[in-house]
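First chain A sits with chain B, and in the next complex the same chain sits with chain C.
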Partner chain A sequence: MNTKTAERRWILFFISPALVVVLIIILLPLFMSLFNSLFSWRQLIRQDFIGLENFRKVFFTEPYKTRFFNALKNNGLWFIVTMLIQNVGGLLIGYFLSRRVWAHEFYKRVIFIPVLFSIVAVGFLWGLYLSPNGLVNGFLKIVGLPQLTRAWLGDESIATFSIIFVNIWRWIGFPSLVFLAAIDNVPMDCLEAAWLDGATDRRVFFKVILPLIVPSILIITVLTIIGSLNVFEQIYTMAGLDGAPNFSTDTIGTLFYRTAFGSVDSGNPEIGIGSAIGVIIYLLTFLASVASIVVLGKKEIEL
Partner chain B sequence: MISDLRLKNATPGKKILIIFVQLAFICYSLIIFYPLFNMIISSFKSTREILRFPFALPQKLDFSSYKTVWVDRGFGHFFFNSVWMTTVSMIFVLLFGSMAAYGVSRYAYRMRTAVYMLFLSGIMLPLKAAIIPLFILMKKLGFVDKPISVILIFIAMGLPSTIFILSGFMKTIPKDLEYAARIDGCNDWMIYRRIIMPVIAPAIALVTIYNAVPIWNDFFFPLVFLQNPAYKPLPLGLTNFFGQYSTDWSLLFTALTIAILPVLILYVFMAKYFIKGMTAGAVK
Partner chain C sequence: MKKTKWLFVLVIAVLMALPVAAQKTELTFWTWRPEDTEKYEKLLATFEKQNPGITVKISAFKNTEYNTILSAALSGGSGPDVFQSRAYGGLETFAQSGYMESLEKWVPELKNFNKDVLRGAVSIKDGKIYGVPFASQTLFVFYNKQIYEELGLKVPETWDEFLANCAVAKKAGYQALANGGKEGWTLEVMMGSLCPNFYGANDFYDAVVAGKTTFQDPRFVSAIAKLKELTPYMPNLYMGVSYTDMQSAFINEMAAHFIGGSFEAGYFASQNPKLDFGVFPGPTAKKGDPHYVSVYADGNFSMNAASKQKEAAAKLLRFFASKETGDFFIRELQQVSAVPDADTSVSPYITKVLSFQKYSTPYIFLVGFRYNQPTGSTLIQASLQGFLAGKIDAAEVCKQVQEGIATYYEPFKKK
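On to the complex of A and B.
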């Protein structure tokens, strides 16, 4: 046996366990989703090839059309609110932590605490606090603002926002500390040069720091896209699988689950439609990630 | 690292900014702490007490609800399930992941980039979207309602990021170490086991936290695959519990405390590692 074959055997030995698992559990199901979405189904049994009929149903026929676009709108809302509040907030928090404000090490640890908790536990906890006789309304009454009390999760116009805010409470520590690490990595000579030129803090932030942390902004943006498209547990725990009240908090994730395991239309699982929605989730994730890489990648500065 | 923002020697405008920032941080810390504190004190109160005096301290430290939840409602069991399922999944994530990372970072061969990209593609793909074919696959294999279904999925979930992070570390280890070991008669497995693995031990700690936290917290896959109460992990047990006892707030807060407090205590002692580990995929 020569060394070349021996080496080949070792490589095979090292990579094949992981390769088999990834191929069977991640990549095979991806292709099966694509394949399944092109067929009609009776329960778990594949019937006839029907081309893009399932996709046509999702986009153009009731009740799927209304449900799908309603859910997609909510996912869009999740993305926008999370970007504006969580990620901009995280950037500010990261910036001030990097300026070594008093007790910054303590704040850094505190802000990251809820990141470790399961979405399910956080969702149920805040579900109790946000209920009509819960802690939040109780607090508003104590501080003399009883007119602000709401059915936070029961009012169609604010339920989605309430749930998004709970999720921001849980996750804002993540972008904060990613941005903190990025800002701490900005080379000192760049900053010193700016100060010598008499630049104000604000100018340094926008003209020096921000362009240099574009890679981190990119990662956080892509993660936010993936996260927003995958919202499920938050709705499940705080609004229920139907996206109560009246589907106002429904998302692609909950709609997908209902379609796959007990249906929108007939009460039966609809594998064809469900697979089509699954494929749409894949495509949206992929396209949105590529788009943000292209857009933000152009703004990246080489040192 | 940029200049410190401290009160000393600051201009008046800056002083206002600093005080404002401090107030904001203190308020936000309260927004994080108080809900957790209230959860813990509520677990000692009766439902009546919680609803009538939500901010009051408990009248007495009543641990009876803990016994009810932990023993009678099976949370001890759910907790144990979470522990062993996470442990088994992590053993295979670390073993297969480090082996594959070794295979793609320490050899030069034609298919190497292709194999690496194939592993990496798993990072971006949302596995939840493939739940239908996964369910059909597990059904065919006879794994539905058996822990092996979710363990296999957890392993697959953890591998791409583990390979990505570990191969990054392994690439930086000088080849000379390997040549020296080879002259001493080590084969490839011994090099992996005795040279490379000890050197990347800190990175192993990193990926352990990076993957164990999401696996411990995962709810979606147990929801789909595990109906049998004997196999339910903590998040799923918690969900069923909330469905069953939705009006008994005393027990609900106790259940939440049991789910959240152990993680919190662990974090107090290992905050630095958790922060480093959880952000490992997004920070260089």
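On to the complex of A and C.
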């Protein structure tokens, strides 16, 4: 019993610094914004308790409703496109790197380099590349495809995809490396057994490797969900706070920032509504993460 | 014994230091113009010379982050003694939160200021003045004089002449207009420069603010529709053209026109001293009609209501309301100072801008509709992007603006 309490005290001692930081920097603001979201505000001053009125406004009244669901739709788009292109691409890259293709060490490093870049610098530079007279359109003209030149960030129908593409360019190295590590960890005897039984590479990939790397898929999926719901810097640097053009790149992150703090050119802060959106972002992230852990966790196979 | 002696010396020292400390006052001053910090330091040096015992410490923050930093500081009970504040709706945020000192009793000079310019420093809630306005901005069209000379063009008076000039410039291989639409606010500026002459300037403004008409008034719809006639003269892929692209096209003499505001001139001149540019007010439908320009107050100098040194802060604000500061804004910053008796003769450009202000109309969405979300500016910026990209028509632009503002604007609700 004595040793047990001593052990507990030691554990508490070791986790307390981190715990204090988490409490002050993460949990306290979270509850503060929950608290703020239940009040009406006169500019920067908190007024009366109004219950869930701010949430009702966000979901059911104009103009908040249109903006919120438009932003949420874009977050959904971010998730779907990122899952399909970045994570599937990352899985393939990881697989080929694990097959030790020629110069794989070189590819491994090159693919990972953009992950290390500052997100703001990437956004700014790609903003220049994607401008009407930028590198991308210049390249298209050189290779004889001038009909494909676009206002990549100014055209409502493609602006979001352009920004997602840039983010994939920046981040694909991360899932690639995670999947490479996972595939390298698949026990050789499993693979040899499969090969001896005459399984094709494709069959081995789908029936042996894939089920064994479910934990990594799970982590990447959860990170993608969180990333897609919280996307902000990419939009901020490439399209601006207003989700230009015409709200086509707006996400709940930029909507939250704009509502809570106002943007210089076009609005005043509405802290109550902004806090409500902040709380919604938190709940969505939490629920989506839990759901994916439950769903994918069932598919995990014990060796 | 020795200890008490030392204590005695210490007490004497402190007592001697106190009056000195009391005489020396350090004010803090915040601005959102990091690019002008050096010039402000020069101005404040004059103030310090005139007011011995007061020093001013200047801090500058990036324009886009300024509001957030300032509101965090003020709501935390600290913040600068004197600071640059936004006009209209931006002022309301801080004034209504009680973070600003009303200035009638501190700065008597405010009585002499132009009423229209002062409107940007007055809270619509209580009608009190919360700032010393520093500059007014006017929206119009810049043109490149050299290109005009080369192509034998005349400054246009009517809309048709303007379009004809654009066509000539385009044919000669220039960008007729520098303007793009990647950032919505540049489109709002375009609207403010060109549309008042078509929607009926002050008549429409007064009617719409009073709720006697709406933004779906045919006058306003047709004014917005006019903007579409410019798209053939805008740059290739103009929806991707950003503000900095616009500026560099005009500064590097690739574009014949730049539809913008008086605030551009200083930057144009500093980036390309050889650039010879002129300005003309938005063209009208008929020859001989008055050319209306949109005018707005740019911002103010305000006092922190929680300042512990209000006497000294008031001295600084009175200095900001003086001819000295007015002349400085014109001479050093090429801004149209709001100080009534400032000397404009040093700058022919500012003299010209002031001559446009003879027919002035409030910059409609900023002056009238920036007090609640979604602001008129938010709505017009986004919908103009949709309009110029060809996704919606002018009637739909006006409908979106009207419906958005009607969610909170009382005079519209009665309709």
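Note that the second predicted complex is superposed on the first by the 280 of 303 C-alpha atoms of A that agree within 3 Å, B and C clash if a C-alpha of one lies under 4 Å from a C-alpha of the other, contacts with A are read in each partner's own complex, and residues count from 1 in each chain.
In the analysis below, a residue touches a chain if its C-beta (ideal position, glycine included) is under 8 Å from a C-beta of that chain, and two chains touch if they have at least 3 such contacts.
Model, not experiment: these values are computed from the prediction.
Shared-chain residue A:L287: touches no atom of chain B or chain C. Number of chain A residues touched is higher for B, counting chain B against chain C. Once chain A of one complex is fitted onto chain A of the other, the partner contacts of A:L44 extend to both chain B and chain C.
In the superposition on chain A, A:A103 makes contact with chain B only, not with chain C.
Of the two partner chains placed around the shared chain by superposition, neither chain B nor chain C is touched by A:V295. Contacts of A:F261 after superposition on the shared chain: both chain B and chain C are touched. Applying the stated contact rule after C-alpha superposition, one finds that A:L148 touches neither chain B nor chain C. In the superposition on chain A, A:A181 makes contact with chain B only, while chain C stays out of contact range.
Of the two partner chains, chain C is the only one touched by A:N246; chain B is not. Comparing which residues of chain A touch chain B with which touch chain C, the overlap comprises 44, 133, 261. The part of chain B that touches chain A in the complex is made up of residues 1-7, 18, 21-22, 25, 28-29, 31-33, 35-36, 38-39, 51, 54-55, 95-97, 99-100, 102-104, 107, 109, 115, 118-119, 121-122, 124-137, 139, 152-153, 155-156, 159-160, 163, 187-189, 192, 213, 216-220, 224, 234-235, 238-239, 242, 249, 252-253, 256, 259-260, 263-264, 267, 271, 274-275, 278-279, 282-284.
Of all the residues in chain C, the ones that touch chain A in their complex are 63-64, 66-68, 71, 74-75, 89-90, 92-94, 96-99, 180-185, 188, 235-242, 245, 370-375, 377-378, 381-383, 385-386, 389, 391, 403-404, 407. Those residues of chain A that touch chain B in the complex are listed here as 7-8, 10-11, 13-15, 17-19, 21-30, 32-33, 36, 44, 96, 98-103, 106-121, 124-126, 128-129, 133-135, 138-139, 142, 169, 174, 177-178, 181-186, 188, 191, 195, 204, 209, 216, 219-220, 223, 226, 229-230, 232-233, 236-237, 253, 256-257, 260-261, 271, 274-275, 278-279, 281-282, 285-286, 289. For chain A in complex with chain C, the touching residues are 42-45, 61-63, 67, 127, 130-133, 137, 149-156, 240, 242, 244-247, 259, 261-270, 273.
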